[in-house]
Amino acid sequence: MSCSFGKKFRLTVFGQSHSKAIGAVIDGIPAGVRLDEEKIKALLSRRAPGKNAYSTKRREADEYEILSGTVDGMTCGAPLCAVIYNTDARSGDYEKLKTLPRPSHSDYAAYIKHHGFNDVRGGGNFSGRMTAPLCFAGAVAMQILESRGIYIGAHIKSIAGIEDRAFSPVDVSAAELENVKKKDFPVLDDEAGERMKAEIEKARAELDSVGGVIECAVTGLPAGIGEPMFDGVENVVSRAVFAVPAVKGIEFGLGFASSELRGSENNDPFTVSDGRVLTETNNSGGILGGITSGMPVIFRAAVKPTPSVGIEQGTVNLETNSPARLVTGGRHDPCIVPRAVPCIEAAAALAIINLM
Amino acid sequence: MSCSFGKKFRLTVFGQSHSKAIGAVIDGIPAGVRLDEEKIKALLSRRAPGKNAYSTKRREADEYEILSGTVDGMTCGAPLCAVIYNTDARSGDYEKLKTLPRPSHSDYAAYIKHHGFNDVRGGGNFSGRMTAPLCFAGAVAMQILESRGIYIGAHIKSIAGIEDRAFSPVDVSAAELENVKKKDFPVLDDEAGERMKAEIEKARAELDSVGGVIECAVTGLPAGIGEPMFDGVENVVSRAVFAVPAVKGIEFGLGFASSELRGSENNDPFTVSDGRVLTETNNSGGILGGITSGMPVIFRAAVKPTPSVGIEQGTVNLETNSPARLVTGGRHDPCIVPRAVPCIEAAAALAIINLM
Amino acid sequence: MSCSFGKKFRLTVFGQSHSKAIGAVIDGIPAGVRLDEEKIKALLSRRAPGKNAYSTKRREADEYEILSGTVDGMTCGAPLCAVIYNTDARSGDYEKLKTLPRPSHSDYAAYIKHHGFNDVRGGGNFSGRMTAPLCFAGAVAMQILESRGIYIGAHIKSIAGIEDRAFSPVDVSAAELENVKKKDFPVLDDEAGERMKAEIEKARAELDSVGGVIECAVTGLPAGIGEPMFDGVENVVSRAVFAVPAVKGIEFGLGFASSELRGSENNDPFTVSDGRVLTETNNSGGILGGITSGMPVIFRAAVKPTPSVGIEQGTVNLETNSPARLVTGGRHDPCIVPRAVPCIEAAAALAIINLM
Amino acid sequence: MSCSFGKKFRLTVFGQSHSKAIGAVIDGIPAGVRLDEEKIKALLSRRAPGKNAYSTKRREADEYEILSGTVDGMTCGAPLCAVIYNTDARSGDYEKLKTLPRPSHSDYAAYIKHHGFNDVRGGGNFSGRMTAPLCFAGAVAMQILESRGIYIGAHIKSIAGIEDRAFSPVDVSAAELENVKKKDFPVLDDEAGERMKAEIEKARAELDSVGGVIECAVTGLPAGIGEPMFDGVENVVSRAVFAVPAVKGIEFGLGFASSELRGSENNDPFTVSDGRVLTETNNSGGILGGITSGMPVIFRAAVKPTPSVGIEQGTVNLETNSPARLVTGGRHDPCIVPRAVPCIEAAAALAIINLM
């Protein structure tokens, strides 16, 4: 396993869904930063389960405790370690997973990789729960980025094909990003949001699940950030974003749509405004040659439907190597997309702070 | 800049479009491997420009010379260094780029990053030419992977929206991958290929360019490969693939399309065949929880249209900070997608060999 | 700060002397290892303070708690996190250190590095206490190494110039290494040990301190381990050993003494014994060209006298930038060498397991 | 093998003694640095063989060619690659080494590591010749450091036990460092140098060799540099210095001698001079807690006697696994210490620039 990311702001994540605790160690935070606990709690709260009808009924406080790295709430240059204790774990729900891997979950791959010694309880260290320490670290990174005028925000771009408006790629504002974060269901077009929620509820009622797309924007980034060939903005952001479980695709700027355009349509002409070099359009998503252009960085991540569904599915019994049937128990989200929104922001923050 | 990738099979790339030479250093190749020069040349040849009507007229032999790492053609455990000399460079074509950055090229971002000291000749180290050492390394990696029964191949999935057939995600074969590599225009459906070529020719005649999508498959991978949370298969493959210039998106398995499905539709039920655990479908693209499932790994990369077009575009004069007009000269591909196919394979090979 | 070491068995250390807890995260332990808690406790106990007359009177249980990485005491492939809570911290002792840095301590350098925000309580994250998580990780590494027939052990080679016997560089045995670990005062020659203890007691009585040299041996290593030019055995072991505070020098084999010999004296002739290639002498310390030779790896680390002494010393007041006098309070070891012995073993284990 | 060092100024070294070329790739040099070729040549020249009676008769121009990374002699932000072609290689001299490993050389260890496929010609990539690219990179690093007021210099501290004066640890000056670099035989006390040379000549006449100690100083370093626990100054410098073949020990400040002192003797009291915080003595070698104190960084490296001697030695025949006798042919240095002096400086420069 590889639980570390970054060189300058190095995050190490540990824990399993049902271990004593999960947590994050961050090395490289400058000394003298007063941690904004409200911001950390706000981000963790947006990720937390059990808040409403369309997420799992598991209730976890997700209250973190800082073990090291601060003196009186101020960073001291030592690695920052925060832990979240696992309290509402019902291990019994998962006993049969040892031999009956859930389709499109990590169970089978982890079983092979770890020779049957993997922790199957709640998905072990493959659980979506591991995004809580990611969000902790992302919130700390965001606080530091914001002190430099850089803001990161995301919204649900679509669920089950129902589309929200897109951020404006040329002039999405920090205020707009902050605004959508405050919503219980983070969409720009609340009417579209209502239709999405209805679709989630329908899937839930049918013991099924739905997926979606998350759009993320980073504003205030200066031009000139990124270390191509292998650590350009796309390389680093994509590596971070695929750490969020269920993400199966990422695109920057127009992304896949640009593959259908002519160069003359897709290119972003330069212009000057108030003495600043800008581009008239931003089909590049704020990235040229792997380096920021000074325009907003825009990307979208595809989230597959939650693989945990209440409908009977085909699996194999790993002890007998014979076909079997499985109905997944436990408490699961019919749609993970809303809770994944702050995770995508956190991954982006982690990537961006390491690029600077 | 960050020109290195990988820990086990560590590639370092150097060079600029018009420097004396470009090259690759590979550390971590086992001693005792006889380099298959035919395979290396074949991959480089598929990437090479000037072969036909739809690629740039620049002619470069792309002949490599091995400076170190072998004794009598056999690796000796020392780092393998190969260089390709730059011979057909016409630097004069690029003089004005210093002050007039080409839209949607790296010029402006590199200018800011390197405070005006960047090498503008031919795009410097942002040039697509830097994929030649990547292909050299990829060919070496592929040779080692093939000795373990692992095959990598890619084809043009679409150009300007014209679609080729897809690889079968459950039973694409090594033979099929080898077969499409032999084609001058690597598509599965040659009739679709003819329509793509016509579209490229049309764009060329109109001094414009087109983009496309490349689909890549990896067969023969055992289950259990991948190091989540941050070095799972998607994390590492995406980081490598975004090193290929013009790639703006990547998706694994069904990718973005899975975001519109129900979980019950998207999940891949397990089954047993000849005692082996398989999945009936492979919407996951051979990756569960960041780890290989034993099914083919399938991904697609979106390639934007070549930003170099012969049509006049808006830019800014970086000396005077005022608007300007630009017609890009030089010799360029109206469609980079066919030449990018082996680059995507090489990036995949580099990622996979480092995951093993 | 840089709190991580290694690629295969990656250790991340966190905590300060007076933070809520200190701890270690280890990524890369194979799944299916039953942690030998007795061995872990034994190593931690050898490092623990307060055991006898010649160490600090601080009493810390150094009891660790495993937060993640195991299921029923068996590793599961997820990162292993263990914490040790700080219980016997008297922060008040250290208040004045903020402005009056202790000579030859990290105080001043940390103050400058962290712009005055460093944690001065007990030396913060520069405290010798941070070797407790190092010892935890070392004990886990040693357990894995021992399962492959590799043993690591160290003894006090000298204190204040009083010399113990040396390990035999050609045939030091695992049994000999285990034997000296059991001693309360780990020397080979107990009579020399008595004289050392008397010298420590004398220094203590005079409010002063003494240093020494630790010799460490690794047996059972196969030939062929090490990754020169930059990750040969000496490179990696030295990098790890200098993580132990107060170490100011390291030498392999004859080390500095070899600089006074002729090549014909220093060279180790090869020989064959029972079909195995050996060297008749082992002045190279088991390392040829940065790679193991199959002979025992032998090195020595120089430990400076504890900088905390009860004698008044010159310092500066960092607020007023004027000369000042300081008598260090707190509870300190008159000789850190005995407690550093297991730390050197742990650092060696961490290095060796990452080289394999 | 592991041929890369550093994160910010990342050096990758390639080549073997008898490969087509050896070379260095450096990633992370800022754009806009005009390479000072005189300084590079001067450092390479001090390392070059064949200059005088006490070094090997091999003559190599060590002329480098820059393949990439510059435009008109100025760095452009792309990786800098320089190669040195191997011209005076007599491979025939080394044929028998394949089966008869030279005592205390890398031959046997490399044979085992690389399963007999290692390049035995001239020691392959274990050759001292690989320090030429290290010196190239070190010279570039030193140029950048000097532009910030940081100077690095070394001298022969002893040969065969004959001692030179030491640098003053508190006030060694940049001028003094530059001065000793100009000497053909770099010692502070030329009379001691004459005795050393006589001792080398005596060893040469007796077909034997001698070793020595090199002392290196870094001046002008600000306080606060270094990333403990694992990337403190000692960790990083030692890792770099052990890349120089034949180095078997390193000590910082008083090093091993401090182990015989009382704390009250070894501690460096702080003082104030012209408003600057200094230490009255510098037994710590300019490093406190792994971080620079602002005083000169001082270390010494022990260099073993050249293992190549003309005297018959015992070895084994690796084909027959039976004892054999060997007289090493080829052209060798009776004392490598003078040529190692610039290599130690280069390793220090590489370490220091990565710490900043």
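Order as written gives the chain letters A, B, C and D; numbering starts at 1 within each chain.
One rule holds for everything that comes next: contacts are C-beta pairs under 8 Å (C-beta built on N, C-alpha and C of every residue); 3 or more make two chains touch, one makes a residue touch a chain.
As the structure is a prediction and not an experimental result, all values here were calculated from the model.
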From chain B, the most remote chain by mean C-alpha position: C
Mean-CA-position distance for chain D and chain B (Å): 40
Centre-of-Cα separation between chain D and chain A, whole angstrom: 47
Residue numbers of chain A (touch at least two other chains): 1-4, 13, 110, 113, 125
Interchain contacts (touch definition) - all pairs: A-B, A-C, B-D, C-D
Touching residues on chain C, where the partner in the complex is chain A: 1-4, 10, 12-16, 19-23, 25, 27-28, 31-32, 65-71, 74-81, 83, 110, 113-119, 121, 124-125
Residue ranges of chain B touching chain A (in the complex, touch as defined): 1-5, 13, 101, 103-110, 112-113, 125-126, 130, 134, 158-161, 203, 208-213, 222-232, 234-236, 238-240, 242-243, 245, 247-256, 258-272, 275, 277, 279-280, 283-285, 287-294, 302-309, 311, 313-316, 318, 321-323
